[in-house]
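Shared chain: chain A. Partners: chain B in the first complex, chain C in the second.
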Partner chain A sequence: MTKLFKLFWFSFLSIFLVSCVQTQEIEDIGIINAGGVDSTKDDSIETTLVIFDFSSLSDNMTQIITGTGKTLGGATEDAELSSINRLVPGKIKLTLFGEEMAKQGILPYLDMQTRDARVPDMMYLAVGRPTAKEILNVDESEISKDVGQFLHDIIENHSTDHNVPRKSLQDFLRIYYDIGQDNVLPIFEVQEKTPKQIGIALFRGDQMIGQLTNDDIMLINLMDRVVKDKVFELTLPIEPFKDFFEKIEQPHNRNDLDLAFFIQKGKSKTKLVDIENLIFETNTKIQFRLIEQSASVKLTEPKVIEILENEIEKNMEERFNKLLKKLKDYGSDPFGYGRYYKRTREGKDLTVEEWREKYPNIEVKFNVEVELIRHGATD
Partner chain B sequence: MEINLSIKKGQRIRAYYLFFVIIGIQIGVGFLSAPRYIFEKAHQDAWVSIIVAYLFMILVTKVMFVILSRYENTDIFGIQVHVFGKWFGTLLGIVYLLLFTSELLSLLLSYNEVVQVFIYPTMPSFVMPILLLILIVYSVLGGIRIVIGVVFLFVIMSPWFFPLLYDPITRMESAHFLPLFEASVVDLLKGAQTTSYSFFGLEILFIIYPFIDNKEKAKRPTYLGLTTSALIVLVTTIISIGYYSPNDFDLLDWPVVSLFKSVAFSFMERFDYFIIAEWMMVVIPTAILLMWAIVHGTERIFQVQQKVTLYVVAAVLLVLCTFINSIVDIQKVTDFVTTFGFWIIFVYPFVLLPLVLLKTKRKVSKEVRK
Partner chain C sequence: MVTNIKFPLKVEQLETFIKSKFEHHSEDDLIFSVYTHRNKKIAVWGIKYLIDANRLDSALLAPLLDHKKAWKSSLLLNVIPVENGVISNDIDEMFEKLITGSVFIYIEGENEFVTYPLAQQEERSLDTSETESVIIGPQLSFTESLSTNLNVIRKILPTTDLVIEKLTVGKVVPREVRIIYMKSVANEADVNTIRQRIQEVDVDEIEDSSALKQYIEDSTLSLFPQFLLTELPAHLSYTVKEGKIGVLAENSPNAFIAPSTFFSFFETTEDTYLRWMQATAFRLLRIISIAIALFSTPLYVAIITYQYELVPTALLVSIGQSRSAVPFPPIIEALLIEMMIELLREAGARLPTKIGQTMGIVGGIVIGQAAVEAGLASNFLIIIVAASTLASFTTPNYLMGSSLRVIRFPMIVLAGVYGLIGVMFGICFLLIHLLRVTSLGRPYLSPLYPLRLQDFSQVFFNPPPNKKSERASMYRPKDQERFSKEDAMEKRDIEE
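Let's look at the complex of A and B:
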């Protein structure tokens, strides 16, 4: 009898407790895959959501809906009205901010997304030009994928060869809250019917304040981590190589030597040399492989290689200095020099405002050391 | 009440199970939020605080062993009655029972809260506690051997997910730890006190000691268990400090769960959901041991039948869990347990030690110790 009683209780509870949990059948929910946030003229925000709708009978599983509201939650709620399904945020892979929105500051929208534990931390952030809506509304037959996945894959696949800054929500917030470093995000624009990364958005705090070129990201990445497998091009003056041409007729007369390299391995070390005057020293070491040259310079002689290496070093140092100057003018520190100051005893109480004040006065000595380790299958 | 217990041969356990008992009871829900609270007090030197807390914990355990070894075979209830007399001793015994009950309550509330925030926001608050309490009651009904068996299995089966933290480890920022040794001694001690919350459960030694078969070997597994759980807390705290920005850290309620948010596989996008469900296996050993201590303690003090206490306590806890809903109230319960527990678990043994030494020396030593 007691056994029967136990069995009864067990089945009773199992059956009835099930109803306490909110059910989420896949046909009844719309899974948000990517979202866009834009500002509208009347100070509210417009959200564009790419959702997977598994209940639809058509071939096209994705559906794009928009909504407006004062908060992101409100706008999503509004967008939900045009979808037959309940929207769930558990699989958002990408959030795109319209350029206007990014210039106003994106932290309030990020806050909503971290507060909601269901939003994944690993979704990528990017900026859309001119609006996120335009990027997300791109014709999907052109890219043969849904646009959210497409943009996510661009960031994911290209970030390994360091063309695109890959910033997840968590990365962005960590850098935002860390004193002495600023964020960069990729900017997308629709070109020839497909979204393409056209530059790097430079942030100061949570506001976008400027744009860098796609090349600059490599210099920033070189500071931050080990760069591998990255192609980059460089133009050097031809003057120093005059004596080392192959003894053939030059194809055409040029003033520059255009080179393309493949970075085998590049990394940097930064030291704070002088705390009083904020003088930093960044030593960058790059091993590279030559893959292309415009003039036929003979690479067999050790002297040529030495000259080549010296010229590249000079060129790179110049580029670093130029970029730093530009960054100082913007007052944004994506290199993260503030971190090196903050970790010392003198700088431990550094605040954001103090660093913004000090940053334009810092001095950095860039020492680049390159090493040519291969020059392809020909000399 | 008899001061010394005689435990039947079939009810005794081998000493090495203490290793699992200690880990099982120490790692619970508090662990999920521990790094944040330690960080709040000691900042980037939080890891020093954990080491300080660990050393202190070892000292407390040593004291507990000294106290226990003065008697032939007894637990804290017997010792207190012997030292303080029948009335006051019983009263202190009740304090211990209250501590266990409030720890269990705080555990159920916090776990329920995590589940509600992360997975099922609309689920009524009584569902999770009912499910847990069914398991707890079922296990405790089996007696000490079943309790230890469950603890053993779950402690062995649950830690496989720690290697998944490799992902946050690769995203750590070394600058978060610098400059080193900035926190003042006071801050470090405060941090150590906060850490003690994750080390609660140590007091189970006072209760389970008479059940150990080969007492001479009890020390090593205990210290090993303490070291393991301290290491777990230490490693996750270090990862959290590196992974989260210092200014962002104190905004997170469960940093350890959020660490797992960055782990994703192609077959499982959101690992944190899985971790929370899996965490039930970490919570169960803690809950079962606490419940067993309550039931066994009540029987020792009041000679109440174990089943009666078990059902009554489970029902009371269920009712409390249903009505304590808001985060503010849950925080109040946790705060109460933290302060109350700290004094009972980490300070009280030092008060008890000289009294026990005096008392056992004076007259009873011959009768009691034999």
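Let's look at the complex of A and C:
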């Protein structure tokens, strides 16, 4: 009897509950691959969506649709009207915010997306200049890929060699809610019909307040992770190397020496030295390989290596100081010195407002220690 | 009609009696010859097509008629050069022996007759195995003749330790069944269980050992075979050495082995002949293919219907492109192609080899090319179905392979109805079922459950020879040690 009952129950479930689960057959849904959010002049939101539509028989599977509304949900709803299929957000790889939008603050939209369980938390965020719509409407034949995937791959692949900041939705919100650190996002602009990263957007809270150059991201990365396998350029004054050029060399007329390095391993440690006066000390250790130089310096002499290392250290420290000054002017703290302060007993009740007040007054002593480990064969 | 007779009697009376019993049979089939020897009538009878005519003439009739003295029944046994002669007066037994090919001699006036088994055994010769082909190692397979099969087994295992017990099953058609085991190794409780189960089968007849297997299996409702059916004498003898019990039946080219665990269906004798590393790799491959055979198509259906998020974007685009021309939901698409493959397989099994080949090519083209071009299925699904079909054919045992193929269908339906949750539901159902199944009272999923870590190496891998000094403990053999670990492989090479 119980067996019969079980069998009945089983068939009951399979027959009568079949339509309770909503199907999402891939040819009956529009899969959003990337989205853009822009603000319009009349204070509403315009969303641009790159979707995969497998119901059509055309070769081009991606479609770009737009919609406007007062909220992101409303705008998406509006965009759905121009798609044959229901839109689903399960595969969003990237959300681009127009520069205007980013300056107004992006938290409301992120909040909406993070509470929607279907939106992947690993979706990347970026800023589009001048608007997200312009970036997403780039001619796909120029980049031979759909634009959402193209931008996603740029961030994914170049963030491993530390050229592009990679911030997923979850990372961005974690840093946002963490007291004592601020976000940076890549800025894309269409150049020669192709989207390109032209700089780094500096955030204060959820608002974009300024822009850094592409090189600065390495300094920021050096602060919070181990940097490996990164190529970078330096320009040093020629003066200290004057006596050490190879003899065959034509007299060197230029005023500086351009060098390219490959960072084998670089990492930093930050300490709060003086709580009262907010004096920090950041010790950075970098191992690098020299891969290119604009003029041949006698690298066989130990003294040259020493001079080289000293010059680089000086140069790097200078760059750190310059960047910090700029950041202090903006009032944004992507280095995250606030975190070190909050860790202390005195700073444990730190609020965002307090840190914003204190931040411009901090002082950081940068000590860079570099080690040239190889200057022969490069790979 | 004469219902019964009593010895002694006239030869004519006997003839009428026997012929009356044979009323509905062809008269020509019954030979009833009467000879007169030294004034005594001697009747010789038997069934024509069952008797070896040459031996009847040379070994029985010639000495019978050339004899110088008068015959007596007891004298026959001493003089006639045919083995296994029996003196009897049981008429019922006479008829039983008559239809199995015995010849009877009755000397008029005697109180009993003499029986000689002179049956001519019609059997096919020993052949290589068809359903379980092996690449290296013994290729021989069983035939329908029990005596030939026993002969082969004895030849492979020439030891007095090997016990071959005789049992008979079937009320209307009695059939001889043999239990084969190693006395010093096999678990006694298991031997008793299987003997008792066979003895207690109370049916009119059993067709074959695979039919007997179904009568005595632990659970007839289970999806999985609980006793391993094999047609390789080498496989039977190998498992018998491990302490398992083999059962052979007359007229059956298969033996079955009990107890068998789920994973023993994925072992082949070839694993022993290959070098251990390769054998390990292939056995792992076969175990992985269980999952491929069971779950690849259901996962495709579940993911395409419900959980598109799981597919990487680049793959999603290519699946979407091949799906865009298909008008059916994924579950119909998958069932259609799986059905085609099953039709192809079943038709291939029934057709003669020559026609089968042609059909294979036609079926391959229809499924591979035309189904996609006609928009019945996506390219991607064809690949997945092909992989799962291939995986199901890697199972060395045909019964297990067909079990896996059948289980796939409800899994696909579950996937189409509830998505991944349905697939998980199916997996749980299978696991619970496997945990409950027993084979001769021993747990089917051993050594996974109950956990026997010391048996893992022998079940999932094929360890090097010196690590195989112990038999698997999960079958509870009487004697667990195969050989001494230290001495067995010691090499006493002369060093120069």
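As a convention for this text, the second predicted complex is superposed on the first by the 364 of 379 C-alpha atoms of A that agree within 3 Å, B and C clash if a C-alpha of one lies under 4 Å from a C-alpha of the other, contacts with A are read in each partner's own complex, and residues count from 1 in each chain.
Here is the rule we use: a residue touches a chain if its C-beta (ideal position, glycine included) is under 8 Å from a C-beta of that chain, and two chains touch if they have at least 3 such contacts.
Because the structure is a prediction, the values reported are computed rather than measured.
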Touched partner set for A:Pro120, first chain B, second chain C, both or neither: both
Chain B versus chain C as contact partner of A:Asn33, first or second or both or neither: second
Partner chain(s) touched by A:Asn310 [first = chain B, second = chain C, both, neither]: neither
Partner chain in contact with A:Arg339 - chain B first, chain C second, else both or neither: first
Touched partner set for A:Val21, first chain B, second chain C, both or neither: both
First, second, both or neither for A:Ser82, with chain B first and chain C second: neither
First (chain B), second (chain C), both or neither touched by A:Lys348: first
First (chain B), second (chain C), both or neither touched by A:Gly90: both
Doubly contacted residues of chain A, that is, touched by chain B and again by chain C: 21, 90-91, 118, 120
Touch list for chain C against partner chain A, complex: 304-309, 313-314, 316-317, 319-321, 323-326, 329-330, 413-414, 417-419, 421
Chain B-touching residues of chain A, taken from the complex the two chains share: 13, 17, 20-22, 90-91, 114, 117-118, 120-122, 168, 170-171, 173-179, 339-340, 342-345, 348
Footprint of chain C on chain A - complex, ascending: 14, 18, 21, 23-27, 29, 31, 33, 52, 54-57, 61, 88, 90-91, 93, 118, 120, 149, 152
List of chain B residues in touch with chain A within their complex: 117-118, 120-124, 127, 130-131, 134, 171, 173, 175-176, 178-179, 182, 243-248, 251, 258, 261-262, 264, 269-270, 272
